[in-house]
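What follows is a short report on a single structure.
First chain written, first letter: the chains are A, B, C and D, and each begins at residue 1.
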């Protein structure tokens, strides 16, 4: 499990007064970026490499509204580690209210940037992802 | 079915050179806004009313990368019209390549803005949503 | 003068109920993209070329608040056409209220993408920009 | 002076490979939000109050490109503290390269949310802004 904390920003809210729903996905990617950097393989390096990791599926459930300034704790786990793809799960918890406010699932496929075709997940990546896989 | 056309903008791409995935959801909402306005009940009026329509679930599948300037045709249908919620389906097609590039599903629940509790979908809203429900 | 029409979208508003200020810049770029495409030199082609046009200065004045659904007419003119840079002016007018709501100025410099150094504006670009230069 | 650190995120870059220019403004607002919270008067409270602080002018200079993962240190100072308005200055420095990469200036006017008219800056706000005013 990898844990990251952030806050709801004004720009991520909309005229209904709460978080604009798609910003939850952006927060998830921020966690992913922090995780990669923490493990010594920053996104910057991946982008410069021959390997891509595009999102092929994304979904979110919204359990409670979030407002500007709300502090959120996000827990990242690996739900499924396939041969060419990986499914991440992000749980969002309102730190002050100790309340689960949302869940995000994102599936990335590992590809060769030139051909756009799926390739086996590199061992170096598997090594940092495996510890995040939840034991059931 | 309601059809809307838009283009991939520079600000919606990222350093990997293609559309940043969560922008597909933003496009879907743009279609929803255009649909409501076309039917004479613009989002602006809903926000000012006592009725809210927050997103409780959102998901997307990414079938092909989109690049800046790509023209996209988006078809909106109603997948399920419940008593207090509605599930929309958005199909994204690259106009020039005549290629399905993505799919979005979004579930909104109709609530009383004061209590935050679900309420039956108003008849006025049902009337404009029913024709979008796909017959199977 | 090049004119483009758009609408204020929910995602571009914030919890104060009005347009989030930096979105005015995004709208300006959308006008720029439409202008380039209209003239047969889409941004997509520029990005793929050896020439870059990064923004080196941007400024905006906000004259009246904009709300979701407001229709905006944006007029693009060239304020100054230098040897290696160009200053654009965008005037935002609320179509229904016939009211100027904002102004944006953006200065781009033309660079060689490899060296990052300024280069003379290509004649092909000058030709499409010159007619937009306001005569005083 | 108030200092805040952040990183360039993937979603804030575009297909040219660098930070999308208007995101510098978003970062500035993030600093402003952190400053207000640090001083015990979070933006959330202002939004709920009868006082508004809309941006009436914003400008930015871009001195060097920023890429995903770049760490940025942002220094906030008050350039001018008027009777009904305040001008903030944000200096962006690339932490690793120790290089100034950008500057943002933003002018907010303090208004009565009901009338939309400017009002004198409340003393409570002046007290926290004055120490940020640079002595020349």
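Keep in mind that, in the parts below, a residue touches a chain if its C-beta (ideal position, glycine included) is under 8 Å from a C-beta of that chain, and two chains touch if they have at least 3 such contacts.
Keep in mind that what you see is a predicted model, and the values were worked out from it rather than measured.
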{"item": "Pair joined by the larger number of C-beta contacts - A-B, A-C", "value": "A-B"}
{"item": "Gap in Å, rounded to a whole number, between the CA centres of subunit D and subunit A", "value": "27"}
{"item": "Rounded Å distance, subunit A centre to subunit B centre (Cα mean)", "value": "23"}
{"item": "Inter-chain centre distance, subunit A versus subunit C - centres from mean C-alpha coordinates, in Å", "value": "33"}
{"item": "For subunit B, residues contacting two or more additional chains", "value": "10-11, 15-16, 18, 22, 26, 29, 47, 67-68"}
{"item": "Topology of the chain contact graph, where touching chains are joined (line, ring, star, complete, other)", "value": "complete"}
{"item": "Touching residues (chain side subunit D, partner subunit A) in the complex", "value": "7, 9-11, 26, 29-30, 33, 37, 42-44, 47, 67-69"}
{"item": "Parts of subunit B lying in touch with subunit A, wherever the complex brings them together", "value": "15-16, 18, 21-23, 25-26, 29, 47, 52, 54-62, 65, 116"}
{"item": "Partner subunit C, residues of subunit A touching it in the complex", "value": "10-11, 13-18, 20, 22, 67-68"}
